[in-house]
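These notes are about the structure you will find just below.
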Amino acid sequence: MDAIPATPPAGLAQLYGTVRATSRHLAGPLSDADATAQSMPDASPAKWHLAHTTWFFETMVLRPNLAGYAAFDDTFNFLFNSYYETLGARQPRPRRGMLTRPSLDSVMAYRAHVDRAMAELLRRDLPPGLWELVELGCHHEQQHQELLLTDILHLFAQNPLCPAYSEAPPAMAAGAPRETQYHSFDGGIVEIGHAGGGFAFDCEGPRHRVLVEPFRLADRLVTNGEWMQFVADGGYRDPLLWLSAGWATVQAQGWDAPLYWRQHDGAWHSMTLHGLQPVRPDDPVTHISYFEADAFASWAGKRLPGEAEWEHAARDLAPDAAPALRPRAASGGAGLRQMFGEVWQWTRSPFTPYPRFRPAEGAVGEYNGKFMCGQFVLRGSSCATPEGHSRPTYRNFFPPDARWQFSGLRLAEDA
Amino acid sequence: MDAIPATPPAGLAQLYGTVRATSRHLAGPLSDADATAQSMPDASPAKWHLAHTTWFFETMVLRPNLAGYAAFDDTFNFLFNSYYETLGARQPRPRRGMLTRPSLDSVMAYRAHVDRAMAELLRRDLPPGLWELVELGCHHEQQHQELLLTDILHLFAQNPLCPAYSEAPPAMAAGAPRETQYHSFDGGIVEIGHAGGGFAFDCEGPRHRVLVEPFRLADRLVTNGEWMQFVADGGYRDPLLWLSAGWATVQAQGWDAPLYWRQHDGAWHSMTLHGLQPVRPDDPVTHISYFEADAFASWAGKRLPGEAEWEHAARDLAPDAAPALRPRAASGGAGLRQMFGEVWQWTRSPFTPYPRFRPAEGAVGEYNGKFMCGQFVLRGSSCATPEGHSRPTYRNFFPPDARWQFSGLRLAEDA
Amino acid sequence: MDAIPATPPAGLAQLYGTVRATSRHLAGPLSDADATAQSMPDASPAKWHLAHTTWFFETMVLRPNLAGYAAFDDTFNFLFNSYYETLGARQPRPRRGMLTRPSLDSVMAYRAHVDRAMAELLRRDLPPGLWELVELGCHHEQQHQELLLTDILHLFAQNPLCPAYSEAPPAMAAGAPRETQYHSFDGGIVEIGHAGGGFAFDCEGPRHRVLVEPFRLADRLVTNGEWMQFVADGGYRDPLLWLSAGWATVQAQGWDAPLYWRQHDGAWHSMTLHGLQPVRPDDPVTHISYFEADAFASWAGKRLPGEAEWEHAARDLAPDAAPALRPRAASGGAGLRQMFGEVWQWTRSPFTPYPRFRPAEGAVGEYNGKFMCGQFVLRGSSCATPEGHSRPTYRNFFPPDARWQFSGLRLAEDA
Amino acid sequence: MDAIPATPPAGLAQLYGTVRATSRHLAGPLSDADATAQSMPDASPAKWHLAHTTWFFETMVLRPNLAGYAAFDDTFNFLFNSYYETLGARQPRPRRGMLTRPSLDSVMAYRAHVDRAMAELLRRDLPPGLWELVELGCHHEQQHQELLLTDILHLFAQNPLCPAYSEAPPAMAAGAPRETQYHSFDGGIVEIGHAGGGFAFDCEGPRHRVLVEPFRLADRLVTNGEWMQFVADGGYRDPLLWLSAGWATVQAQGWDAPLYWRQHDGAWHSMTLHGLQPVRPDDPVTHISYFEADAFASWAGKRLPGEAEWEHAARDLAPDAAPALRPRAASGGAGLRQMFGEVWQWTRSPFTPYPRFRPAEGAVGEYNGKFMCGQFVLRGSSCATPEGHSRPTYRNFFPPDARWQFSGLRLAEDA
């Protein structure tokens, strides 16, 4: 969770204010019960996301640095700590949904209490270590904003009423779908990783050299329509397409389509943040696991890109803007499209440390490094990623069977 | 769930009104989140108890019998059906806590909607089968009132904040504890079971003859103080005291005290509906399993009573009054005390059908009979049993490892 | 495991010799590997049965009573102890199949060693407690002889080669099947339980009075042909026929026929001790659980007998002779047939202590009493029960989902 | 399982003969029961290893290529197929221990039958695809030879008698232990992977360029003595040393030492192929997981090598000779020692495809590629690896919690 050192951001107070307001905004449509329930051990209650991100500022920033700071409630330290083994006991992760108290209102009061103290602190001249910690806390909260949305979607998908988190926007006239174009890239030694200048998480560095062989990368994401062909062609029933662990999962879980797809009146529908909606063929497929992405690529005679290939191809792209809550069909135009802002893209790269990577000392170091086992890297960003949180060096990661994120794929091949 | 035929109660509308008002009262202290969470598969959310009991009246009584009745919401039929396999699909029991919608407010509106229709129906002259069904619905709801309390206690016990469902009443001066007296009963052929006249569940009949050998029954419940001696004497560590399945459970679950006991500042405390409270030595022990009750009896050189013994001894007793939410120490005086209104009392009788028992036809018959395997009978009633719901013929039943009910024990021995 | 006191048997040495020779005979068809494998936690390797019964004589009889007795191998005490929690650590039950050493030959040498020492002991005048212990050890070994056969059958049924434990005898011409006759019995107070005179296990006593209502009992067992009708009529798909726990088991395990039935070339076949054989319609159905027996009885509009009813009806019957390894069709003739020697018959009686039952003191008391929870009584005996081990008071017991014993059913009804 | 094309080996028949004789030799100390039991789902019975490797030659080589070949037993095709989803049903892996028939003798007869037919075939001039298949079958069998030993060790370790697979050789006088020296390697673009010329598995190629940063590699393996220091220093109790998934495993499994270590009379002992033996401080530590290797490296302030680093360092080394069954202390002398023949060495490289890797077509392609998820690469070879089976390009792989292989570690660091 430690950031790579950088110069202080122009408006740290402004960043803090924007991030915190965004969280409040995301909580708007949720009832106390919505914000309390936990739909599976890997997901967390919205209330927990709202409180845990606040706990970070209270515990890491305010307590050691703001003289006279009075904690909102001492029990919150136990309730809203997450994975920091060094910081004492904590509520077991799978039992977070048992915390019907404190209420959502109390958690919002907690947020306000901490915001007032942070405002006081941010009026001062902060030493480098401290402003970096505040900046880290802001990006940490942005991560949880995306999880809040994916976790709420998972929760609502368990409810036969298929409630909508927000109203669906009016449908747009979609352009005619276009054939995928493959962009060619030369091989050679390239540099990837965060170079300093702007925020990045620890695992994005150090910047380093990588040897890349010539490759080609699809200019758009794989669509729902293409996925329907995969399903219709028996993709979920042919063991030769799958990794061994993937096939075992398909059989044990009975997978036969993306996580939220279901047949309804003879047509594919999907649970979305706008409730149950018909699957639109030109939209990018989402809520698929690494296992499924890999099997699809085998079926298509292609492969997934490596993370170095992806980053190299994206190096000069400017990430997209505000989150749309549902992935959208590719626009027209040349160039690589949909690299950011639609769905995270599985790469074939296991999540491993970059050369000379070292976790930070102390509690904040208990973060990305300890997950470098059994996970695959996803690149880009999604329709649930907060504005300002995307960048070409970003390394997201999940286990190969995870499906509740906005995860899809882009194909690649050797040149 | 079918009742033994009886003459119509004087004030069925009054019974209905009282029962429904009691449920509303019980929901009073609960937030939307409190009423939604499910702490384990065997427990249900309070909202579910409130809605399911209402669903019973809507589905069994109003839909077939009140012309022009408009259902509150058709989806509720799916959401709040319980175990009726004949009545179509239902929300899987362990996933009831996922229903953050409808909200507690909606469920209360559902209750009001059904109450208005029931009031209309109850103004009429009902045929026998129908008023019996309404009466059954009332007693069914009373069962769920007790479960609502035990389930909320279980939920709150998962929360490190140990919230209180209600304020603890002022402590009363307790009389000096008294030695247990054993009352002797002659053996012979006795009659047990419901004889008609007043409501009873199907499994309480038919009334029939039983051969009982001479026995003696303790005049009060086993206390917390006595249980502390059992714990201190290594009761939870001696396999010879336990049934084989009980010992396996002790080891697998790490049991070393009643469910809600925990050491705090060097003394036993217990989670209660009034929050975490010191264990009072003279109060009856509660939240123990059949396995523990049986092991304690072995340790004490006694045994648990059979259900026929218990009922025979209780035949002329009038059940106690309003529920106290926490079991209380025995009062002075002669006679069998604490038979009702403190804790349910494990008997050594497996829950089996009485001679010539037959479940009712149709959906309401899918009730007690199908649980006649793997459960033990408890007799009496508890501090969470609604007023008017106790009677000497009542047969409660739970699996031998269940601990979240207000369950304790009374000792017996052969004469 | 303690016996009800009785006068010394005329030929204890002869009993010992016969029992021990029978075990050797049963081991005859088994290879070292056959005798070592364990097919499920509830079954034991044949080698274990052969050694554990020998361990009983060594530990309970020889070590304390034969001066100068030299144990065969001290490690066997750990390896072949079973459930005696008081006698120290033991090989975990589900891991018994890991004991590839000692070999079957070593175990047979262990048996010979103990037999020599027992012969020496049995030449003397034994005090009452001791000859009772030897007698108990013989009946204990007979119990394990039946289990050895049922466990081997279960093991061989896991093998796609369907090996036969023994050759099938030549088929006999079967008489025409006959309609079931129901024998009527008056109600009243009857006596059941072991009365002394001959061996019995502790749980068969004390003899005591029971009140029985008038009932009728089928004169023969339910047949495979009748079971095929139950299957064809959707018996395994109708939840209303089943106990709640039974229905859950049917769905979780995918039960649709008795344990060893499988369709082969369009006809039902069954794994037997003679390998895979066509199901013969007139033979008694076997390898069914209590859940299935109870569902069948519901489907047939009957019920299972209570154990007191069964014993009362069988009180004057002389058990059948040598075990046949496979249940046989009912012979002609009047009277209750097939009470012994074909399949154990599920009763609707949970396994509970008789009035005034007390387990024996010490290690041998750790036996039947500790299983008096969650099990149902079966009466009669089976085609795998050793000669001399059947009697009207015998109480066998298994959990309601157990199917690997030779268990079937006989119907009853209220008169 | 497909090999990288190469010129035909001089003596294919000789290779075949040697490999098959080695398997027979390895089976020598095993009883029928030893060869049948399966100690966990990841291990296989020895009999299965002996039969499955034979099945490969029968199914892949003889049936399609030797006219008139008569299969030994058609049922063996079902029994001894392994993971080839394309080749029909198979005995479920965790139930392989149920196959008490065919006996070990039958399996050896099966081997002889196939060997006779292979001898006939090998006298002919084989087309390239076929001799490659035979060569592949030989290396496939060598893999199973190592597994046979590790699986037998795991089985014997479940037995409280701690049986020895073979006699321990006389102890050798060990030289004084020496400090670890770190050898330095320059960075740059290096080539790794199989280049043709000699056998290799598919995943060892294609040979390709890798960019390596300067690094240093320990000249010997980590020893038992060093591991004892790690244990004594609380290495198994400090979450900061562990990957998140590793720490969860430590807690769930109660790990506090390598797999087979146990305290005995106040000193560490270890189960070995020679039975229970004192742990020798100078021998390499073995039977540790990736999680433990990684935690140890963190504790030591070092890291594990990457597989490219390891292969680059080993490129000119000649693998050691005959297997010793137990790892041995490092000899004196300069240079990298213990690279082969003692314990497999965990690298920090997840098992992923080399650039332009493609699995073979058809059934033999269902091999290494499908395991490229969730596994880590180990390099070198072990004291159980058959002679002739080690090479610098060899990529062994196991999940990060696997401990039953002869797996240890060698430290590295950035230069």
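The first chain written gets the first letter, and so on, giving A, B, C and D; residue counts start at 1 in each chain.
Heads up, the rule we're going with is that a residue touches a chain if its C-beta (ideal position, glycine included) is under 8 Å from a C-beta of that chain, and two chains touch if they have at least 3 such contacts.
To keep track of the chains, here are their UniProt names: A, B, C, D = Ergothioneine biosynthesis protein EgtB.
Here the structure is a predicted model, which is why all the values come from computation and not from measurement.
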- Query: What chains do chain A and chain D have as common neighbours?
  - Reply: none
- Query: Looking at where chain C touches chain D, is over half of the residue numbers used by both copies, so same, or under half, so different?
  - Reply: same
- Could you put a whole-Å number on the gap between the CA centroids of chain B and chain D? 59
- Query: Where the centres are mean C-alpha positions, what is the separation of chain C from chain D, in Å?
  - Reply: 46
- Item | Centroid spacing, where centroids are CA-atom means, of chain B and chain C in whole angstrom | 38
- Query: Of all residues in chain A, which are in touch with two or more distinct other chains?
  - Reply: none
- When you draw the chains as points and link the ones that touch, which shape shows up: line, ring, star, complete, or other? ring
- Which residues of chain B touch chain A in the complex? 31-37, 39, 75, 78-79, 91, 95, 97-104, 155, 158-161, 163
- Item | In the complex with chain B, residue positions of chain C that touch it | 83, 85-86, 189, 208-211, 213, 239-240, 242-247, 290-291, 294, 348-350, 352-353, 355-356, 366, 370-374, 400, 414
